[in-house]
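One chain, subunit A, appears in both complexes that follow, with subunit B as partner in the first and subunit C in the second.
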Partner chain A sequence: MLKDFRIRTGAVIADGAQAFRGTSDKEQKKRFKRDRHKTKKVAVFRYAYYAPAFKYFAEQVLDCDYLALPQATRRTMELGIQHSADDVCTPFKHMMGDWIEALEGGADVLVQVGGPCRLGFYGEMQEEILRSLGYDFTMLNFSHGIEQGYVGWAKEVMKTVNPDINVPHGVKQLLACGSMMTKLDEARDLYMANAGFETERGSYRRAWEALLDAFSLCQTPKEIDIAFGSFMDRARSIKLDKPEHPIRIGIIGEMYTAIDMASNLDLDEKLMAMGVEVHRMLNFTNRYTRYNEPNLRRSISDYVAFDMGPTTTLTVAAAKRYAEEGFDGLVHAKCAGCTPEIDAIPVIRRVAEDYKIPVLYLTYDTETSDTGLMTRLEAFYDMLAMKKEASLR
Partner chain B sequence: MAILETVNSGRPIRRIGLPRALLHYRYGALWETFFQELGYETIVSGPTTKAILEAGDRASIDEACLASKVYLGHVAQIADEVDAFFIPSLASVDHRKGFCTKFQSLPDMVDNTFRDQKLDIISLSIDDATDEKRTQTAYLDMATRLGALKSHAKKAYKKAVTAQAAADEARAAHLAETVSLVEKYRKVAAGHVQEEKQVPPLILIVAHPYIAHDRYISGDIEDAIERSGGVIAFADEHDHAKALKRSYGFSETLPWLINRELAGATLELADVIDGIVSVSAFPCGPDSLFTDALMRRVGNVPLLHLTIDAQSGSAGVQTRIESFIDILRFKKEGGYLDA
Partner chain C sequence: MSAATTAGKEAYLGIDIGSISTKGVVIDEGAHIIARSYLWTEGDPAGAAKRVAAELAGQLEDADVRIVGAGTTGSARRLVGAMIGATVVKNEITAHAVGTTYLHPEVRTILEIGGQDSKIICVEDGIATDYAMNTLCAAGTGSFLSSQAARLGVEVEEFGKIALTSHKPANIAARCTVFAESDLVHKIQVGYAREDIIAGLCRAVASNYLNNVGKGKRICAPIVFQGGVSKNEGVVHSFEELLGQEVLVDPDGHLMGAFGSALLALKAGPVEAGEDGPFATGAFDFQAVQDFAFKTREVECAKCPNHCEIICVYRDKDIIDSWGNRCEKGAIKHT
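So, the complex of A and B:
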């Protein structure tokens, strides 16, 4: 019995029998729990503002260490381009750069999510490319186990990363991780709507960054709630000078590029800096946590009969809702070669025609220049501003 | 709403249009037979021409793939001659046997693209094309919506499935015959140095059926291979079920049915072919990853990849094919020390 325990916990023999006899039941339990932790370093690709949630996932759900990636640089992009097929969609290249930098930084486990389009095949190809480059690592690829849904994914996690996960605890923490992502989205929505009108420049940004820092330190659902509460408190007290009819722009598009600031070259920040109220229905919450595609599609049944692709329903529904609510313009952002969003464009065009709302179509690849983007956004803004002025007169 | 939920009483439907593009090359026999058996006249657009491609190009978003542009061209070609188009939506419920999202969005994409022309579109949604029962239900439901009796629809569907199976078998037989002829030639020539040199190299074309069998898109490639003395086998003609099964040895998570069939067929034929020419339409989503996987995983078979876009000229293709086949011949003769 005693021997059995040692083997199971992996306790060191030297502090064996005596130490064990001297501990109470409660302490034994605690030690058992601590030993579930694996010191593997888990890295997740860079994606928008979700890093604190990825950290929470690695530490609290997988019960491993988390390897934080620094800001992406030009080098990240170059590594990605160098090791990806030419005509693959741009997120693949961003992620390849992320993986190489993560592995250089000491990552043991890479987490790839899988998904309904090409994304479903990303993991397998990226793993193969990295192995052929000679890297040694484990990939937790959620394209495996997808047939069985959550059960399959749980099995995959236990098999590849940490067999000692306390499953009920892990599930609870996974829900907390989801709630953190929802709160990040909620905070970002508030930020995008208001940061363009703050009287003291940078107040929102500071509050937002404090929230990211606080979320990075959270270990329990309660801490998440407290951190979020203090952000909301701080954000609401920021003084705004908002005109009665601000220019409002809705960002729509593809799940990665329309949200990820490294990919879209800070699209939302650039618009906010011009004094625009920015909205973006597309985020983790609306695409995953609360996604009910058939019901969402009811709102656009004048335009489409079927689900057209991974985020197309959300893209079109958002476009129509913004148009109905009298927004001044839409920005459609996607990566080069994104088939589902290319196929959404004919539909967006019809919505734009019917509601007479201007749309700026942006396609990002690895060569998209910051200045070029700025010029287009400024021209778009000027056009909207003139239109607005004429309509208010 | 131009996608018909029920029969539009004001406008009788007699002629149903089937664009000769995309999955028509895969399910055409099924679709034609089904509608004919239900009593409709089916109108299939003619082979792709320059005019069709240009019309498709004009109707399309610039960034759409060549195959998609060609499809819209075919729709425009016969729009005046038909009462309604049949354009199904193929979703990817099974993560291992799905389709490019293009096939999911097609009916709505066509509907919105040609909104001013007010096309009528008959459609249905197929969750999982390999699930025979659910696929049948989808087709029968559609027939009922069009006003057919259930028993009649069932009979029609049965005939349609038989017709499709016959077409698939004929293709598989054609492939098997090509391969066996080359193998016979090899056997006869074996041991004779001069004759062995004359055995034509067997080239496997790995491409989606709507690329491989659309003469306007890939005809130049096929002609160039034949002019250079090669014999062509098409990977998409291989027995689909067998190829699909084999493809799990190629990749576990590959999400697309057609790419799976191509991969499986390539593995099945890897020992008998001399080289692979893989052809993609620009920019093909699935192929952007699949071709990379193919290059990494087919092992010792030499591979030439060609991407075709609307501006491709035939001269470049000719040169590349010629040199590829020269290399194959040279290699066969033991030309390269380490090859």
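So, the complex of A and C:
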């Protein structure tokens, strides 16, 4: 209790001490910095490996406290199922479970980042459901204000969470947060391509987890660069035993399920454990920071004439590029009820036929069993391995 | 037969333990089937594996062979694999592809309908190039046919013959087992002839399969149809009608998973003599499998809210295998 008190009043005591050093009232007023920090606890839903960036956003951009969620468990899923409509897409259910656990853990502000599909409407619905359950909280919904551009979005953020944000500082930190997400993607790409071939099992995983820890502690753009640099050093020094022609699989699919490990039951890890070089073009970087849909669509103009929705252009473009690069197979992952990706499937089929590349289609819901997934992945791997062996002979 | 001697030709055992039936074969070094067994699992995979082993041992009574390796496949592959000390434990898709492409190197499409799952495997130049498996729904599989046979008071083995006598198969909604069943009840109550209903069911199974599992796959001839349901002439006939092509059914088609896993064991080579278990002497001891008591227990791990159900397999009093834990916390030590 006492310790807590000291920490909170620490800033005041320090300022007070300065005041006693014989400075005039005027000078003191000038030096006395407004405490912009809010002690609200901000929580973001669990999504893939981006938690360190969410923490950075809560602490450095919003200037609030961050509430870290522990790993999702079966209870999370059960809470989500219980409080969601049965036929809503699976990410909605995962998020509902996350929100309830966050509120139980003491969250004051929930951040719903929205998304390029129905996800954009989920914020309001989830807020409604949670309020009707009797929870009290503020929801920062990225779907609000964004219709007036970034300025509108920023106003919304300040209005709902922290009106005292130092705007230039906040913008700088928001860009740093974006750069952290890009670096997470870059690190993950390297990890997925190589972890299946490390001579000492678990080396990559340890390096990756160290990076997540380091990113969680970052407060400035410089610290992000340093943490990333030391990960790259460490990752490059990991000894690999990679065959000349490794089996390469590209994961394509829907924004949430194809990336989020709790949703896809560790799809990428399972493939890496079989000794596969895994690629996944779909990530934050390629969908947001560097997304240029019309130009991306040029590469698939033989197949697609217009933008079909959130990630379909990226899905088809990735499928085609992997096929052209001679990948051994593709895994298409989506949640049950994902309309845009269902639309993409016939196009992927055509790509697969033209380039003769096998595709494993996976649809995940809350009941998807690990055993069933393993059977399919093993069979897919066996098939690719036998095919490869025959072609190299 | 004394399996523990070093004399005799080398042979390999393959067991496919499905949800409904359990299949076993023994092949010699030239990959010829020298013993075969097919019986119902009856909800007791360990017991079924024992019965299969006993039947195979009976057929090999006079043969001068010793079994130096074993493979398992099917949904109980892990359990029975641990039981018999299998060298290869492989999923049923791979086992079927390996078995069928060995016997029919020219095959292009493998249709497979089992008790609870169905799959399609596309083959090019003897190598599987694409496959699909039913995902959310067990519509049109063997267990659906069995339950409908019970409703109609007919042995499921008789289904095919009865279906072929129909001239005008009833049109039964095929998209889903639940709809198919209510449609079926309706047609029974309206008074359709039994053979027409049965033929309609067979047709529903075939069209459901092509619409769900075979969706988007190019089905090229030669086509091989296997799995328990391939024994049903009515379904074979419906497939031929719907595809407009001849559909091949191998007399050993229902054993293809077991044959494939025996082939994989043959490829893996002879097992090294272990300290205990059925391969303790370097050759498979059929008697030992009968003598051991196998038990499965489920333990719920309480170390985190995931509550993983960990399956432990015991041979007499020793844990020989366990699985189901998602992390190291739930790992159980076994011998």
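Operating definition for what follows: the second predicted complex is superposed on the first by the 359 of 393 C-alpha atoms of A that agree within 3 Å, B and C clash if a C-alpha of one lies under 4 Å from a C-alpha of the other, contacts with A are read in each partner's own complex, and residues count from 1 in each chain.
The working rule: a contact is a pair of C-beta atoms (placed from the backbone, for glycine too) under 8 Å apart; a residue touches a chain by one contact, two chains touch by 3 or more.
This one's a predicted model, so the numbers in the text were calculated from it and none came from an experiment.
Novice: After aligning the two structures on subunit A, examine subunit B and subunit C and state clash or fit.
Specialist: Subunit B/subunit C on subunit A - fit side by side.
Novice: One more residue to check, A:112. First (subunit B), second (subunit C), both or neither?
Specialist: Neither partner.
Novice: In the overlay, answer first, second, both or neither for which of subunit B and subunit C A:307 touches.
Specialist: Only subunit B; A:307 stays clear of subunit C.
Novice: Name the contact category of A:144: first (subunit B only), second (subunit C only), both, or neither.
Specialist: In the superposition, A:144 contacts subunit B only.
Novice: Touch check for A:378: first (subunit B), second (subunit C), both, or neither?
Specialist: Second partner only.
Novice: Who contacts more of subunit A, subunit B or subunit C?
Specialist: B
Novice: Based on the superposed arrangement, let me know which partner A:363 touches: subunit B (first), subunit C (second), both, or neither?
Specialist: both
Novice: In the overlay, answer first, second, both or neither for which of subunit B and subunit C A:73 touches.
Specialist: So A:73 only meets subunit C here.
Novice: After lining up the shared chain so the two structures overlap, which partner does A:283 touch, if you call subunit B first and subunit C second: first, second, both or neither?
Specialist: neither
Novice: Would you sort A:387 into first (subunit B), second (subunit C), both or neither based on which partner it touches?
Specialist: A:387 sits against subunit C, while subunit B stays out of touch.
Novice: Touch check for A:125: first (subunit B), second (subunit C), both, or neither?
Specialist: first
Novice: In the superposition described above, what is the shortest C-alpha distance between subunit B and subunit C in Å? Please give a whole number.
Specialist: 6
Novice: Identify the residues of subunit A that lie in both the subunit B contact region and the subunit C contact region.
Specialist: Common interface on subunit A, subunit B vs subunit C: 336, 345-346, 349, 363.
Novice: Taking the touch rule as given, give the residues of subunit A at its contact with subunit C in the complex, in rising order.
Specialist: My answer: residues 73-75, 336, 345-346, 349, 353, 356, 358-359, 361, 363, 365, 370, 375-376, 378-380, 382-383, 386-387, 390.
Novice: Taking the touch rule as given, give the residues of subunit A at its contact with subunit B in the complex, in rising order.
Specialist: 85, 87-89, 92, 114, 116-118, 120-125, 128, 132, 141, 143-144, 146-147, 301-310, 312, 336-337, 339-340, 342-347, 349-350, 363
Novice: Using the touch rule from the top, collect the residues of subunit B that touch subunit A in their complex.
Specialist: Subunit B reaches subunit A through residues 1, 3, 5, 61, 63-65, 68, 89, 91-92, 95-96, 100-102, 104-109, 111-113, 115, 123, 125, 251-255, 282-286, 288-293, 296, 307.
Novice: Looking at the complex, which residues from subunit C come into contact with subunit A?
Specialist: Of all residues in subunit C, those touching subunit A are 90-94, 97, 125-133, 135-136, 216, 218, 304-307, 326.
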